[in-house]
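In the two complexes below, chain A is the common chain; its partner is chain B in one and chain C in the other.
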Partner chain A sequence: MYEAFGFRLLPWDYGVRNLLRRPARSAMTLFGLTLVVVLVLVVVGFIRGLEVSLSVSGDPQVVLIHTLGAAENMENSSIPSSQAALLSASLKSVQRQQGPSGSKVVCASPELFLGTQVNIDHESEESLGLVRGITPATPLVRRNVQILQGNWPGPGEVLVGRLAATKLGTRPEELAVGKTVTFEGRTWKISGHFASTGSALEAELWCPLEDLQLAMKRQDLSLVAILLASGADLADVDEFCKERLDLELQATAESTYYASLQRHYGPVRLLAWLIVVIIAGAGIFTGMNVMYGAVTGRVRELATLQTIGFVRRAIALSLLQEGMLLAMSASLLAAAFAVIAIQGTAVRFTMGAFTLRVDSTTVLIGVGVGLLVGVLGSIPPAIRAMRLPVVEGLKAI
Partner chain B sequence: MPLVEIHGLTKEYHKGDQKIVPLRDASLAIDKGDFVSLMGASGSGKSTLLNLIAGIDRPTSGTIHVAGTDIASLTRTQLAHWRARNVGYIFQLYNLIPVLTAYENIELPLLLLPLARAERQKRVEIALAAVGLTDRADHYPRQLSGGQEQRVGIARAIVGDPAVVVADEPTGDLDAETSEQILHLLQRLNAELGTTLLMVTHDPKSASIARRQLRLDKGVLLEPEPPKVALAARGA
Partner chain C sequence: MFKSTRFALSILTVGLLVVGCTRNDSSNKTDPDKKPSNAVASKHVLDSEPASAKGVKEVKQQAKDGDEVVVVGRIGGSDKPFTGRASFTIVDVSFKPCPDGEGCPTPWDFCCEAPDDLAKGTIFVKFVDSAGKTLANDAKALLGVKELSTIVIRGQAKRDDDKSISIVANGVFIKQK
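Right, the complex of A and B next:
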């Protein structure tokens, strides 16, 4: 029972009861370690949220056609409206669906996309929002869009993404159906809310393309998003763009576009991982401090155990067990707190908004860091305990 | 063959540039069932000799055979296993584990032996009865008096039926009356159970209860002429 490592271990109860020996100290350490793991979970949840938001944003079947050289920033793209019809007619690789009257509907979505100042219900402060002019064909291409509440926007109306309130820095109630927002010199009535499987689109405001063009006094589009027909690929569209040099168009797979954004946010993620390492480091030193205290206060006791016949490794393992028990309890508490209180918290960033993602991967990383803190925080004190000569230890007060 | 046989035992260590020799060329033989007291002034080397025989310290030179094993040649881990089977240690300050009950403290050395739970329970109950603490089995050390704690310490030392029990000033932290009770308990264990005992003390009265008295002076082991009373007690 006690001989799992080739030598007799100390009773499991010994390690557990030692934690209760100084309840206030153990409770404070538990609180500190829980805080460390919560912070780790928040940062990892941030990284995961950002990654997942950008990775689900790119539909592999969707190609974005935009102005040459605007692949990095679609807002700078400008193509004449007339080219949308030309593209629909010319591109054979675009998906076509059966329309209501038997005609074929081309799955191409001409869109005008911009970042602009948005005023919510005449509030004094404006916020930078992301607005997309769309057409009834948009849902054919943006296949993951779901209307959660209300209706598709009619003239003078706007459909609000699930995370638009976060992006605009306001409360979701301020963007309730029936309320109004003002942008580009026009007031828009909110017709409904939509979701898009956590993609970046959820931070946007969608309004009819023609209305937006009228409001902005623009005739052009930012891009035409097309859904590729089965078996077709980007090369077909790319070839067309390269043949028609006069149009000055470029085709970018939507997944590539968002992947490039992922790269753009690489330094942010790197910084976030660095924060995880720093927080974990602080946790390790906290744990180490506590376990050093535990060893220092029990020198004679540990020497007594050696005198009785317990080998040093058994004593070191018992100390490790104490550290691990604390770290494990802290990790579980932190994970429970994160799932209940942090999961789904919306975060605003330049490209839009996303939610902190406390999924199984995040919990696994958080708990893993917690356990690592427990192990690394306990090893040096355990080694110290192992090195202590028995006779010296017995003399300790 | 003696149970404990040491020959030419010397222990040296360095404190800064200073060489300290707490034990110098000591030779000794202790028979099975003997009760030996080791007296000496503070720093005379008596605890050093005790710790060497108990296998928690290593000699600089010389040999120590206990129960047929040359313990100076054992590795640290082998020595720990050897101690678990062969040595019971009674400490001056009892050294009970505060988070364990009296029962659990006594059971601790048995966890190192290949014994079933029922056998361990039987042995702990016998040991508790031997020291008169059956009704204190579930008490934690903080709930016991000094004398009771030392009795638990004695029960812990004898429960595994070790070859030799060593006691380092076992009454050093107790009042006179409790000390006497503890000494009588040790005497009784030696007489009734045949436990081989080696006790370090600086108190001549405590030392006198042993069958054989040794003295250490500045690291040199001296065996005074045994008094007639002690000789009679040994049946010599």
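Right, the complex of A and C next:
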């Protein structure tokens, strides 16, 4: 005997058996709800992937020094190459590491960064890729970079980011070590692959700075990325740039740069959340429709339950239980599918590429939406069941 | 009776949660309109305007390293003229900020002026301690100034080479907040 809330409940397995009594309809409902939760997980995974990619991209210890007014678009920045040496010598707040034979190595990375047309293995179709000219000092500043395969690029070579293939709209095999890509009128041999903890850098192609300058017939740099010494902060570099107004430089914390990109993609995220709401709404109506069907088809059964002594609230609760069971099963199936099939899928966007993230937050939101669909979809049919007159119900065909 | 007590308790709980969860940011905010009152500020903020103030352009052209200077200017020259310490840039008063009607969110960057002209009429000002290090206090809170404040700076010119000049200030008179 099940009793709670001051009245006798229908047995728990009654609801379960009811679902199994109509296997085809239950399976179809389960499939529909699973599809709804999968869609929610894909969209939330997209939002989470974008957010996480941009948030891990900014190292709080790294400051980007660029041209005045280029804080939101580094590709437009242009500073003379000579200023890299000047900054390394003048800035006391840059970290210095022990180098070979007792010398100090300044953790400053002069870089040339641009978006350009990249041709893979001389195919006729070109794609827009992100290229960064780097030096051997770059890993001192870009501390999260790891070479996954191959070697650091030598002359005429290029190191390919883990997500560069997605950014270029091609298959990863096309960018295998030893293959070639063509950009800026020169063919570059792929020397290796790198990862960078899921940051925006992973969508880039890295080649030696001097080679890139030569290929582009450019003498300038886009930026100098510096690693701050312990105890130093952005204000130290900012003061230098403001004091040396003749250099026309500006300092931006790397984390601030990527935070501004986050703001830039705000409307995209808002739209994605709107899609989540629409999908959830559609799921609620689907669930409601199915549960209404279940109530209509079981009028006599529900009336009989009342006749043998179950109160209307107990019957409504049993219907709610059925809806919840279906929704929760669908949520679990969808979460398992998302973790196996969707997690890590690469997506291309203007600033590079990122992977869909089906992490604990995504799963929590997806399952939460599934639960909501189950509850909200079952309440109106349950209310309808409570209002059915017993005598009319018993006479129903 | 019981219901109304329970209702009142619920309202009280929700109220406490709302009050408890509201972050009080007042300690982090700086109110430039509030007159600075601490000892460090009073040392730097002047009660009367120093005489014979020159424009930023004039000082940049004429001042030599170590010269005592009095310069009048407006805080600005970029979207972030303050560094977060007791230092900032000022521009010549001849420059006009973008008119209100143009919808410029940062009129103190004087983006309507030619960049080359603006660079010639902008100078960096800093307040330093006895060791020559910029004071860690934010100039906004320390001196009670904000973007576009018109101020008169008294200090010493510091010229590193032919191109770079800044002012190590020892006093500021706030003409217009």
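The rule is simple: the second predicted complex is superposed on the first by the 393 of 397 C-alpha atoms of A that agree within 3 Å, B and C clash if a C-alpha of one lies under 4 Å from a C-alpha of the other, contacts with A are read in each partner's own complex, and residues count from 1 in each chain.
Rule of thumb we're sticking to: a residue touches a chain if its C-beta (ideal position, glycine included) is under 8 Å from a C-beta of that chain, and two chains touch if they have at least 3 such contacts.
Nothing here was measured: the structure is a model prediction, and the numbers come from that model.
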Exercise. Touch check for A:Glu248: first (chain B), second (chain C), both, or neither?
Worked result: second
Problem set entry | Comparing the two partners chain B and chain C, which touches a greater set of residues in chain A | B
Exercise. Regarding the shared-chain residue A:Gln95, is it in contact with chain B (first), chain C (second), both, or neither?
Worked result: neither
Exercise. Should A:Thr67 be classified as contacting the first partner (chain B), the second (chain C), both, or neither?
Worked result: neither
Exercise. Who does A:Glu239 touch here: chain B (first), chain C (second), both, or neither?
Worked result: second
Exercise. Between chain B (first) and chain C (second), which does A:Ile308 come into contact with in this model arrangement: first, second, both, or neither?
Worked result: first
For this session: State whether A:Phe7 touches chain B only (first), chain C only (second), both chains, or neither.
Result: first
Exercise. In the superposed arrangement, which partner chain does A:Thr138 touch: chain B (first), chain C (second), both, or neither?
Worked result: neither
Problem set entry | Common ground on chain A, meaning residues reached by chain C in one complex and by chain B in the other | none
Problem set entry | For the chain C and chain A complex, residues of the former touching the latter | 78, 80, 83-85, 87-89, 115, 119, 122-124, 126, 134, 160, 163-164, 166
Exercise. Across the complex, what residues on chain A touch chain C?
Worked result: 68, 234-235, 238-239, 242-246, 248, 250
Exercise. For the complex, which residues does chain A have touching chain B?
Worked result: 2, 7-8, 10-11, 13-14, 17-18, 20-21, 300-301, 304-312, 390-391, 394
For this session: Quick one: which bits of chain B touch chain A in the complex? Just the residue numbers, please.
Result: 51, 54, 56-57, 76-77, 80-85, 87, 89, 91, 93, 95, 97-100, 104, 108-109, 111-112, 156
